[in-house]
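The structures considered in this document are given below.
Two complexes follow with chain A in common, the first pairing it with chain B and the second with chain C.
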Partner chain A sequence: MSDEHSDFRADLRQYLTGFALALALTLIPFALVWWNLAPRAVALWIIAGLAILQGIVHLRYFFHIDLSRQKREDLQLILFSLLILAMMAGGTIWIMANLAQRMG
Partner chain B sequence: MNGQTQAGGILGRLDLQALPFTQAIAHPGASELIASGAAAIVVLGAIATLAAITRFGLWGAFWRGWLTSTDHKRIGIMYIVLALVMLARGVLEGAVMRAQQAFGLGGGFLSSDHFSQLFSTHGTIMIFFVAMPLIAGVINYVMPLQIGARDVSFPVMNQISLGLTATGAALLMASLVVGKFSTGGWTAYPPYTEAAFNPGPGPDYWIWAIVIAGVGSTLSGINFAVTIYKERAPGMTMFRMPLFCWTALCTAILLIFALPPLTVASLMLALDRYLDFHFFTNDLGGNMMNYVNLFWLFGHPEVYLLILPAFGVYSEVIATFSGKTLYGYTSLVVATMAISVLSFSVWLHHFFTMGQGANVNIAFGIATMLIGVPTGVKIYDWMATMFRGRIRMTTPMVFSSGFLILFVIGGLSGIILANPTIDFQVHNSLFLVAHFHNVLIPGVLFGMLAGYNYWFPKAFGFRLNERWGRISALLWIFGFSFTFLPLYFVGLMGMPRRTLSYSEPLFQPYMQVALFGAFLLVAALAALGVQLWLSIRQRDQRRVFAGDPWNGRTLEWATAAPPPEYNFAVLPVVAHRDAFAVAKENGRAYLVPERYEDITMPRNTSLGVVMMLASTALGFALVWYIWWLAALAAIAIPVALIARSFDPDTHRTIPAAEIARENRAWLDAVANTKAITRGDEDTARNTGRAAPEWEGATP
Partner chain C sequence: MIRQTMRHPGLNLGRDHGQAHDHVETIVFGFWVFMMSDLIIFGLMFATYATMQGSTAGGPGPVELFDIKSAFFQTMLLLVSSLTFGGASLAMRHHMGAGRITLWLVVTFALGGGFLALELRDFAAMIGQGAGPWRSGYLSAFFGLVPLHGLHVSAGMIWIVVMIVQIRVFGLVPAVKTRLLRLALFWHFLDLIWIGIFSVVYLGGLA
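This part shows the complex of A and B:
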């Protein structure tokens, strides 16, 4: 019983930590925009970086993906998907931008 | 909604003019007669099939045993039957095109519109409804047996995938009888396929056949990948899987990532055509170059997802018929994975000449050349497997040898084309046509036919006729060489692809050699039919119930032929690569299990058939603007899915006693089967049990 109880406590702590981090990572970009804290270009880069962090927080605290051995397969699948999507999206942007530039 | 889409009436824009027969009566000519002849063959073939099923009272068996089956083996076989039917149409279309070009000096006998339909349907059929169902069928049949599973992870979804693929094929067949197919090639590039230039039903047939079948293929990819990750037998680690399963896994992953761009691109084209969007139009901000980009974002991984399972088949076939363990297993796995990743980095080589800068071109050109490296590794691994093996030149080995020689030529011409400066000279010429047929026929088709010959005895319990198998294999090899090798030369001489007629007399002798090759290919197709027919007639002398006719190395040979519905009475425990070969050598094959347990298998369901009928109705209605039918079908699909989810009784349990009885009967038969040496492989003495061979045959 006590094991189950402490498991529950550990889970709860994890979810709450995740929630707090996710909330913080959401509020900072809003704050940046609302109070004009940084120049536009800088703000965009910061928001993009925070969005990536946000994704990692979700994977770590809500999907329980970490660096442990039994999660290796899931982690590999996620990284592989990211690699392929990056190649597809990045390649498309590169090609279409190049075409647009030469047409213009 | 534009003016054309409002064409009214209960049948939308469908009228008698859509039938080729009406056209043939109104304007008789060679093209119209060929078109209505082909349509008549489709209609008569369908009627004859239905009549035969009725005549022999097989509707019940057909419905219960096949159409509603969730058994991965049955579904796999149905995929392959579909592919072979479509292959017949595709080969014949190719032969008609070769005939046109052989007589095309200043004319020929086909109208340009008919010729354009031929190359469009030929390409669409061969890629989407021959190659794709062949790989889906072979993976479906073999992969779960090889990893020691009872079925795929999602048996009902598997059935739906088959239904959606069949829908696409049905739409293509329908286009032969009702209306016309697209004339825009298998790639259907806009703006030519936009409503402004092509308001007819042709491009719509293409779109809906591709979208619906593409969804089915994506689902297949998910199914295969999950099965390999989750359903492996105890002890079957990833690096103990047979190589075919590795290629199946990589293909599944490619399916998941590569099909969506195609589905998206063709749906965007549909939005352009039906609802006046401007994604790919000439004006109002459309950009047709993005279609080309999206299409090949799918199109290049596509060719690798077709070739990888064929590589897997060659790996199994060459190891088995050389009597050796596969050379360089790890390097083959790494090469397969490298090809999968690299295949997403080369798509631009399909449109080097579209206008992007030289830096972009050369980056993709180099990536394309790189992909030749892992492929070369594989070729050397197969040759090293054969080196000092005791090779039996069975039909699958004839196909594999033809593949090794011809595929290297095709691969090398690909490396030539990977250089953008050369591509600028030969793109859109018959050189390109020669190249991709040179990789697709000796690569994919030979691989799948080798697999068909290799696993047929497992699937049906009797061996195929070897003599006719070899005749057919040689005809395929020589037919291919005569048809497509001359095209390299005319391509370099400057003959464009998709040409109806030409004025340069130099081309004609090459075209006539190619026509001779096309005859050999039609003969090869006929020989496949003869082989099947003879084998069925001689089946009683060819039975291999014990299940191991080739002294196989992997788990699919460790069960009866044909295997029971549940594949293995007791799931095998795996400790080695080549698990069955090791078990045979250690005397641990065919052990009587200590105890049997109940097995739960999915029940039959008609959901796949319902989905097929509804999606066929949806596709057909959308092509012909029959809006009420499209709406009905579009509602029927989610309703059927939700209705099925309320059925709690989806599985049935096979009692342990029944399994014990079947398994003991098989084990008794195995014990009473005389083990044969490999010299007797092609004789009636081969009833499916192999005598031990020689030292060093197992790792």
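This part shows the complex of A and C:
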């Protein structure tokens, strides 16, 4: 075993930490909606914020992606795809919402 | 440690895996290209769903259609299955043998099956009350987005079966190991997409 090869416990801790965080970030918004704890507008912002956080938790602990890497191409691929997606999805929602408003 | 000498995003096997570790870089990069294009498909289905909010044509909307309990159990099944696939990945990385890997894959398969069963039951109930994709623009968008994810889960489950068979037939040769690495990424990807679905479709609809 080479030295980079580590200990199983450290790896396992990564997954368990990720799972615990993801679980908390899932339970909070479900509780919020289940028991109607906040007005709709507030609840939607909280749900969106927690969803983004949970996405980051999954990327960090399940996909093992972080920002300190020698291999940058993969990260660039991911970030570029997100940019394209933001433009296409954001543009679609923007234009269609605008259109709906004008026709309404 | 996972963090050192990363060759690609996702769990790296480590140098003691020889060829499976050395040749993996381009293979996994290609798989990331596929997943990112898949992500864009999902993203645009989400955008379509968002623009169809309220286009119910007098038909049922989220409050009449969704059962938060079922959405919650589906979410839990998928989240736990991400962890159990982590068990398979770690069993492979730390040379715990084919038996242990297969066991975790079987558990993951069962959890995926539970998820699909609940989801299909929900779809059947919706269609049973006349709320199929033909009912309104809103429901077309719903049935374009959520079953697309379910289809991916089905594909992932078929892939799990294929890998269990390959582990038995070929053993843990480098090609099988790198396929398992990619399947792990795919399975975690499905859970990532599900975050968007339960947040936007179910919680966003019922809040």
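In this text, the second predicted complex is superposed on the first by the 97 of 104 C-alpha atoms of A that agree within 3 Å, B and C clash if a C-alpha of one lies under 4 Å from a C-alpha of the other, contacts with A are read in each partner's own complex, and residues count from 1 in each chain.
Basically, a contact is a pair of C-beta atoms (placed from the backbone, for glycine too) under 8 Å apart; a residue touches a chain by one contact, two chains touch by 3 or more.
If you're wondering where the values come from, they're calculated on a predicted model, not measured in any experiment.
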Partner chain(s) touched by A:65 [first = chain B, second = chain C, both, neither]: second
Applying the document's definition of touching, compare chain B and chain C: which contacts more of chain A? C
Looking at A:11 after the superposition, I want to know if it touches chain B, chain C, both of them or none. Which is it: first, second, both, neither? second
Pick one for A:83: touches chain B only (first), chain C only (second), both, or neither. first
State whether A:92 touches chain B only (first), chain C only (second), both chains, or neither. both
Taking the superposition as given, does A:102 touch the first partner, chain B, the second, chain C, both, or neither? first
Please indicate which partner A:28 is in contact with in the superposed arrangement: first for chain B, second for chain C, both, or neither. neither
With both complexes overlaid on chain A, does A:40 touch chain B (first), chain C (second), both or neither? second
Where on chain A do the contacts from chain B and from chain C line up? 73, 81, 84-85, 88, 92, 96
Residues of chain B touching chain A in their complex? 229, 253, 257, 261, 287, 289-290, 293-294, 297, 341, 344-345, 347-348, 354-357, 359-360
Touching chain A in the complex: which residues of chain C? 1-12, 14-16, 25, 28-29, 32-33, 36-37, 39-40, 43-44, 46-48, 50-51, 68, 72, 75-76, 79-80, 82-83, 86-87, 90, 93-94, 185, 188, 191-192, 195-196, 198-200, 203-204, 206-207
Please give the residue numbers of chain A that touch chain B in the complex, ascending. 73, 80-81, 83-85, 87-88, 91-92, 94-96, 98-99, 102-103
Contact footprint of chain C on chain A as seen in their complex: 1-2, 4-6, 8, 10-12, 14-16, 19, 22-23, 26, 29-30, 32-34, 38, 40, 43-44, 47-48, 50-51, 54-55, 58-59, 62-66, 68-71, 73-75, 77-78, 81, 84-85, 88-90, 92-93, 96-97, 100
